[in-house]
Each structure stands twice: as C-alpha cells, then as structure tokens.
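Can you read through this structure? Questions will come right after.
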Amino acid sequence: MAFDCDAHGVYPIAPTPFHEDGRIDDESVDRLTDFYVEAGATGITVLGIMGEAPKLDQPEAIAIAARFIRRARGLPIVVGVSAPGFAAMRSLTRAVMDAGAAGVMIAPPPSLRTDDQIVTYYRQAVEAIGTDVPFVIQDYPMTLTVIMTPGVIRRIVMENPSCVMLKHEDWPGLEKISALRGFERDGSLRHISILCGNGGLFLDFEMERGADGAMTGYAFPDMLADVVRESRAGRRDAAHDLFDAHLPLIRYEQQPGTGLAVRKYVMMRRGILGSDAQRKPGAGLPAAAKVEVEYLLSRVSRVDARAAMPVGARA
Amino acid sequence: MAFDCDAHGVYPIAPTPFHEDGRIDDESVDRLTDFYVEAGATGITVLGIMGEAPKLDQPEAIAIAARFIRRARGLPIVVGVSAPGFAAMRSLTRAVMDAGAAGVMIAPPPSLRTDDQIVTYYRQAVEAIGTDVPFVIQDYPMTLTVIMTPGVIRRIVMENPSCVMLKHEDWPGLEKISALRGFERDGSLRHISILCGNGGLFLDFEMERGADGAMTGYAFPDMLADVVRESRAGRRDAAHDLFDAHLPLIRYEQQPGTGLAVRKYVMMRRGILGSDAQRKPGAGLPAAAKVEVEYLLSRVSRVDARAAMPVGARA
Amino acid sequence: MAFDCDAHGVYPIAPTPFHEDGRIDDESVDRLTDFYVEAGATGITVLGIMGEAPKLDQPEAIAIAARFIRRARGLPIVVGVSAPGFAAMRSLTRAVMDAGAAGVMIAPPPSLRTDDQIVTYYRQAVEAIGTDVPFVIQDYPMTLTVIMTPGVIRRIVMENPSCVMLKHEDWPGLEKISALRGFERDGSLRHISILCGNGGLFLDFEMERGADGAMTGYAFPDMLADVVRESRAGRRDAAHDLFDAHLPLIRYEQQPGTGLAVRKYVMMRRGILGSDAQRKPGAGLPAAAKVEVEYLLSRVSRVDARAAMPVGARA
Amino acid sequence: MAFDCDAHGVYPIAPTPFHEDGRIDDESVDRLTDFYVEAGATGITVLGIMGEAPKLDQPEAIAIAARFIRRARGLPIVVGVSAPGFAAMRSLTRAVMDAGAAGVMIAPPPSLRTDDQIVTYYRQAVEAIGTDVPFVIQDYPMTLTVIMTPGVIRRIVMENPSCVMLKHEDWPGLEKISALRGFERDGSLRHISILCGNGGLFLDFEMERGADGAMTGYAFPDMLADVVRESRAGRRDAAHDLFDAHLPLIRYEQQPGTGLAVRKYVMMRRGILGSDAQRKPGAGLPAAAKVEVEYLLSRVSRVDARAAMPVGARA
C-alpha cells in the first residue's frame, strides 16, 4: 500500500534495537522488519520519539533508516526527522529520501505557542525539506506541549500539498478526529490519512470516529492490525473484545517514562528483539515490573495466543 | 475508620454537583454522600481539582464542605485547600476544620521546581494552617508539573508530623510506592497511608506495591472498594478480573480535559447526580461521547451488574 | 482623568504594605495613596501580581481596595481580579466596583495556549464580571507563559466593548505596540489605552511607539510621570536623559523573584512604606543587595534629587 | 590565558555569521575572531544558543568551530555541544576537541526538574564526552526552565573533576554567586571560574559578588573587557560609569527573541560582520528598531567613542 492521503492500517513505531553495550543491533533491525511485514503492517515509522531518535547521531540515524528501508522490500518507511533546527532536518530528510524512504514525520518544537507560530513552523519546515517530500504532522501535546486546534491543522494541510497524514495523539482526541472529518465533509479540508498514536490506548473508538488506523509502538502490532481490520469491516464487538483483552497491557505500556522499557521487554520476550537495552538516559525494566508484565501477558494469552509464546527463534 | 496514618480503603474524590444554571445542587450533595457511605467508602475527599474547587468562591466552598460533613455522619471528610496563597489556604482550612473536617489536602503550586522549594512550600503551608491539622500531600505531576522524588516526600513527611497521607498520582508511579515502602522498612520514613489517584488506572498493581487504597473519582467507587478489598485479602485474580472489566471505562474517563464530563454523566446516569452540569469553562459531554459511554457501560454490565441500572431514584 | 480608552499617564502598581508580622499596614496604604497623588499619577492599580494579591484572602483584598479607593479622592483605582475561577473573580469584582473602583484588570491563566482558548477565556470572564465593568487586559507572557498575538488582542478588544486598556508587558514588545496602533490606523481595531509594565524597563521607547504611559511599580513613579510628560511633549532627549539616569536601578528592581524586595526597600527608604515586609513565601532584601541598592540610589541622586532623600516623615 | 578553573576576563559568545542566503560567511568568521582578539577577549565561546547552533547541521558546526580555532591562534575556544542526546554530544565533542578546542559547554535539557535528575544528567554527559574534556555548566533558567540551586551546582562540580567553569545566567543571580563563593570559603566547594551571561545586564554587580568576568555576546565585548578590568582593579565608580553608559543598549539587546537581531545589526554596523542575516526562524531587525538602535548608539558614543564608528573596513 502506498504512503499517501489514503493510507490506512498499521504503521508501527519501530523501537531502535541496541546491544547491551549501546551499539546498534542490526540483526534485530532485520528481524523486527520481517516481523512487522508478517504482522500485517502497511508501513513502518522509524526514528520516532519512542525510537530513541534523539539518542542517535545523524550518521547512525541514516544507517538505521536505510537498513529498515532495504529490509522492508517495498513496505513504505516513514522517518522521523524532527530536529532542533531546519539544517539538520533537511540533511537528514535528504539522506533518507535518497535511501528510499516514503516520507518523513515532523513534530513541532515545544517552544511554539500561538496558532501562527505553529503554521509558520510547518511552512518553513516544508521549505527546508523540499515541497516534494510527503510528510506527516505529529500532533502530540502531552509530550510536546504544543496544542494544535483542528483549525490550525487545517491551515497546515491546506497550505502544504505535501502533507499526507496526521499522526494523531492528542489526548483527549476523539472529538478532534470528528472535527477534522467534519471539515472534510463541509469541503474546507482535503482528505488526509489519520493514524493514531498514544500507544493505541483509544484505538477502539478512534477507528469509529474516522481514523484510518494506528501509528504506534505497542508490542503487539499484529493485534492492532486485527483491531483495525475488524473495525473497518464493521465488526464492532469483535474489535472491542480483542482490544479489551489487551487493554491492561496497553495501559501498562503507555506509562510515560517507563513505557519503552515495557515495550522492549515484551518484544524481547516475544523473540523479536535480541535485548531490551536502551541507550542512556533510558533505563531497563525494574524486577517488580517484569513480574507484573509477565502476569499481564499470561492474562492476555487466555484470549490471544500470541501473548503466550515467542514469534520466532532468537538464535 | 479514622483519618490517620493507617487509613485505607476508598476515599472518593467527590464531584461538586451543579444545577444546569450553575447553582450548587444541595440535594445531589446529600444523595452523593449517602451513595458513598453505602458504596463502602472509608472517607470522602471534597473540593479536589476534579471537584471544580477553583470555580467556587470561598463562601461556596465552605458551605459545600460543611454540607458533606454534616451528611456523612462520621465518615471522615478531607477538604482540598490548595490556594494561590497561604492566607486563603489558612482561612479555608480554619473554616472547614471548625465545621468538622477530618483534615485537608494540599497540592504544590506549579511554579515549584527544586527539591528545596517543594520542601519549603510544605513547611510554610503547615505553618499557615496550623501544625494540628492532619494533611494529605497531593503528588500529581501530570497536571501540576511538580515532580517530587521519593526523597522529597520523605523530607516532607519527616519534617511535618501532621502529614498522615500521600495522595499518589505520579505517573509512572509503581516504583515510587515501592521506594516509599522501602524507606519505611529501612527505618528512614515513618508509616503513612498511601491512597492512589489517576482515576484508578493502575489501582490493580498499586495495591500490590503497597498502597492502602484509592482516592479518586471514578464513577464506580463501589467497584474500587471491591478491588481494594479483594486485593487486601490476597485474591489477586479476582481483583484483576473485576478491575479489567471496568478498565475500558476507567481509561475513557481518565482522559485529561474531558474526564470530568464522563464522570458526571455516568453518575447522573446512575441516578446519583441530578445533572452533569459543570461550571464554565467546563463543558458537557458531546453527543458522540455519550453514545460511546453507553456502549462501554453495556459492556461493563456483562460482568458487573452495577453498570446496568441506577443505584437510586432521582426524585 | 477618567479611566477609559483615552487614559494616559502613570498608573502605579501599588505594593500592598504589611507590618513585620504580616498584618496589613493601613497607615502605609494611606501614605502610599497620598504619595501617588502627589507624584502625578493619573490612576492607581491595586492587587496586581506585584501587589501580592495571591497572598491575601478575599475579605482582606476587598478591604485594601476599598481603603485605596476612599483615600484617592477621585483618582481612578483599577483592581486586579485575576483568580483561579470565575466565581471568585465575579465576587471580588462586584465587591470592589460597589466600593467605587473604576475598573478591573484580568490576566489570562497560565494554562491557556491556543488563540481560541485565550479569546474564549476573556469572553467568559466578561460574562462573569458583567459587561458593564471596564477592564484591562494584562499581557504578561514572561510570567504567565500565555502569548497573545496582536491579532488575538484585537479579537478580545473588538468582541468586548468593556475593554478599555491593555497593560502591555510583552517582552520584546515594541513591535507589538506598533502593530496595534497600525491596526487602529487601518480601521480594524478601535482605540484603547496602552500602558506599559515590565518595571518601566522599556518606557523610553514604548512611549515613542505609541504607548500612553506606564502601569508599573517602579519605586519612583514620579520619575515615570516626568518621562511620560517629556515624551508626550516631544522632548525626546530630556526624556531619555532622565530615564537613563534611573535605568541602573530600574534594571536592578526588574529582577524576577527579587524585584519586589528591592521596590519595597526603596519605598521604605523614601519614607513611603513603614516596612519592606512581604508575606511568605516572599523574602526581604539580602544585606549585600541593600548595599548595592544604596549605591545605585546615590548614583541616581547625582541627576535626580528625589533619590537622595525621603519624600515624607515616617511617624 | 588558559581555559581552566582560574579563567577570567571575557569570553564573547560568538554569533555565527551568515550571508543573506543563509550560507556561512567564512570571511566574517575570521574578521570576528580577529576583532575578539583585539578587543581583549581571554577566550571565545562558539556554537552557543545565541550562536544559532541549533540551526546548523553537525558538519557545519564542526567546520565553524574549526575555523574559529585556527584563526584564534591560541586563544582558548569553548564549543557549545548541547544536543538532544548523548551520541550527538559525544561525536561533536570529539570532533571539536580533535580540532583544538579548549573545552565544551553543556546546558541541561528543559525536561529536567528534580535535583537528582540534573546531577545525573551531568554525570551521564561527562561519561559520554569523556572525563578528560574540560567543560562549562550553563545555568540559564530563563530560557531553559531548569533551576539549579547552588547546592546542585556544588554536587556537579565536586562529582566531575573536569568541570572548570560555570556560565552563570540565572536571574536573579547575584545571591547565587555569593552562595557559591561562600561554599568555596567554607571548604565544601573547590574553586571554579564563574563567567556571567544575560547579555551583561548585571555585570557591574556580578563582578563585585565574585564573578571572574563575562561570557556573553553583547556587541561591545571591548567595553565588557574594560568593565571587568576596572572592576578587578577596584576602580568601582569607573567600572559603573562605563557600564551605565552602555546600559540602555545592553538592555535593548537583551530582549528575548529580538536580541540577536540587535546584536548582529550592531556588529554589522561596527564593520565586524558582513551581514546581520540569521537563518530561519530568525528574523532581521524591523525598521523602527534600527532607528532606535542608531539613536542608542549615538547616545553611547558621547561617552564611548567605539560606538561612533566602524572598527574596521568591510571589504
């Protein structure tokens, strides 16, 4: 499926796999990519906030993105290029687009406050990366402290034809999806794809409000793909039943500050990552939390067998 | 049960009931109080953030607290007295203690940053309200942006003998509970009660980490009381089973900015509040959200019959 | 002079005088009011942020405002009524308007982010206090973290006929004054008075950009009045000469967190306040700072004799 | 003079010179370096916040630092290496140290809140860059929102022997200098150099409190060097007289958000920079501001002839 305004399904936010000593774990990158393809992903997002992008220097970032791109054999790869300034954003964008990326994702810097500041920022960012590079707006106020009204998002979309997608992770955000889809219906906004983040915590209802899928890093993207499929097929109760079985773990993984440790631990436990190591200042999962995660997995496995066993060998 | 360092169970955060025109709804205050008593609450917290305390002027605040106190017939009432300055905090504290409150709750103002600033703030607050007034520390960084380490909480507790309880709603917070209970075991911290907030979103594991119960406003305090009881009795699976059945709704109610509208709507739907009205700038629940909440209630009711019907007549 | 859209001159931000033990010092309130009248003030603003308003409970706040009003014999008194909620804002506004205040000043709460949130806030505030109460917008992003573009201020002014004045203390802010006066010239904004804050730090150029005067608490309002007069009369160099002589002290007094201690100390030293006491968490001026202030006063006094001696006896 | 714990004098914060089209202006880098040497600087700080460091990509940053280093012929060059993560900080540090930098400057990221978070951050940063690289702590709460108490600074200094200097730009900050020097006297803190920022706005008194000089970008570093010399020689009045003559311009240049435009304009006007261009999102000086700056320069030139004419030819 193409990365464009009609994209739907699941774009997992890929974690960046590290060895215990902090080096990048290339084998796990490959295994992770294969896993996403098999899990039914319609794209992959790399170098997001939860991909520990700020902990990489630029040569590392380019190398990782390129490896995902080569391995994904055609699945569109979106690369997070948020940076403190436009020069670094441009050089990273050019490098990954040259390597075959489908597009980039841009988050607003936390200093932005007024509507005009936000709109101007995206205008200048597009000018920096080039108007031919498809991009995703990341709307994530809980972490970024930047609040974009539906009207501001409309201004950005209408002003920049290269905008193809919104990564929606406002919170609360259900009314925002409805507002944007309402703008489309009244003709004031062209159609864009909306994929939702926030660890999937509201995916059940986001789909019903008009979202096209998920862009998030929950450790069971295969489950997210199922929920999106069931929901798009109109099987509401089935979608909620599966979602609710995972919700205790989704919620546990969604804790700010510790969520990535949970996610990497579960993905290691599933045989996808070779290690749950993070680069500093990240920290591993405390012992008590591991026991809790195991308990949660055992409960999820009563409904979803994928929680019970590794998806592959780790050799 | 007394409001002291050994308190446990559930202290619901009471919403403040309003009529549609913004006047205080005294009948609903009474009905709400009766409901809490029957639901198994061991105390009630009034005039919290979710009690719309900042929207009341001080005479209103005192009148509401006094009405809860009179109606609760002995159940301890804790009153939120957070204020922009110590003079208002003192005058409100004196008024509600004279009216029979069991103690007060104090949140740190968002401007505090350093460890010493936080410790000094609580010292001066205690000096203002009087060292004989039992108080609760509210530790709620997601909303207040003040981060208290376990070490800072220990300093506040050890320096102020009138501190009897921590309202714990850090996020993530499980390790914090473990750290504080560890301090008790190593003798560096005296025992205090820990009740947890955050809408109950982590109550299942908070209990297992050493919390004594919940202080939160989820629309089913009766369920919270059951979970606390099961957990304290060591019936782990039973506690999780009940909790997980409510989790989709707990999660929905926990959305910042819209959670109170959900909560008041459900409590109106349960026959406890006469209206779900909020004072401005609060807003009611959008139509689409009401439909979603009804769907969630219908799903919860498959496991918990309390979600299916009103708890009482509404005149 | 009336408090209306054509107001100009100097509205000092009055400190609230306390005795050493924290009680309000009524005699100093009277002396301070008399001093302002003699200093050439065209109005007085009480209960501002630098008036320690958050440290007063509401009965105290009303009593202080009323005392200023009675003593000022006709000079318009503007009262800061910013509050955590609209109920407290309304009850304070009604009380002080009944007592003879000329109008009120409203600052936006720090939680506001988007343009629409700010405009909505002022609409609801005006609804709460009554459309017949003249009010001042306080635009003070350095402390309040709320950024109002010139366009947002225009929306507030045009939507609320009772808005008569902007207290301008954006920083940098010179272009904002030019933009607002430009809006007036192009007919998109009705005329309002603009008085400037920030301790007077930019008053010299603010006047030249179109401001009508100062609303700030610098310890020499008599000097501010002279600068405004010289500037309005077109005596540019004279205005700057006087201003520059005071600038080392203005700058020293403008330090966030310690400025009020400097201000109260100098006003005590001038014989206007009986004490430089602040209520907690405020603190007095450290010994080293007192010596520095004395040195600065001695240097100012080479140009402006008012810096050399008390303006009046202190009982 | 060496860059070590005994460093004093003036380390100008160098702006990064751009051509109008955004390319780096190497000739101006050379001219600027020569100017600093002649102006009496004892070191130069490049790639600071006011050096537009976030607007450069890493190869550009390294190239600029290397050019300053080569041109300075022995004057120590400190390089700002603050970065979103430790990998980028490390690779930039290694590159510039290899190129001959004397040390680096590290600012805390805005997300840090508690004392322990700040101390841990510096420990991990030193681990990343290497314990053999001399570094400066940048303490700049107004922009970074991170508040370091004197006690926290002491912990960082005592824990990391490679810390040689504090760039002090807390505000208010005079008492902080006194507190740190007091720690040295009581033996709890080893001696480090303290150079002050904030555009020089408080340099007069900072010197008297125990600072060793200035590290700031005011467009007249030659004047800063004179003030530091006079102050160190005990000629208090002379230091203040010179400082006060510049204060109206210092204050004008110190406006957040517009200060760099003023600074670059004045340095262009002095013949040091070929252009006052900034990279986006920076903006040039508005026409009205230029007139104001010219007026300020003309007034400064009555006391300090350097404000009257270019320091050198411009091609």
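Chains here go by letter, A, B, C and D, matching the order in which they are written, and residues are numbered from 1 within each.
Assume contacts are C-beta pairs under 8 Å (C-beta built on N, C-alpha and C of every residue); 3 or more make two chains touch, one makes a residue touch a chain.
For clarity, every value in this text was computed on a predicted model and none was experimentally measured.
A rotation of 180° superposes the C-alpha trace of chain A on that of chain D, rounded to the nearest 5.
Computed from the mean C-alpha positions, the centre of chain B lies at a distance of 39 Å from the centre of chain C. For the pair chain B and chain D, the distance between mean C-alpha positions equals 48 Å. With centres set at the average Cα position, the gap from chain A to chain B is 34 Å.
Taken residue by residue, chain D touches two or more other chains at no position, since every residue touches fewer. If touching chains are joined by edges, the resulting network of the protein chains shown connects every chain directly with every other. Across the interface of their complex, chain C is touched by residues 142, 171-172, 174-175, 178, 201-202, 204-205, 208-209, 240, 244, 247-248, 251-252, 255-259, 286, 288-289, 292, 299 of chain D.
Put simply, chain D touches chain A in their complex at residues 52, 54-60, 84-88, 90-91, 110, 120-121, 124, 127-128, 279-281.
Residue ranges on chain D touching chain B, taken from their complex, read 113-117, 146-149, 151-152.
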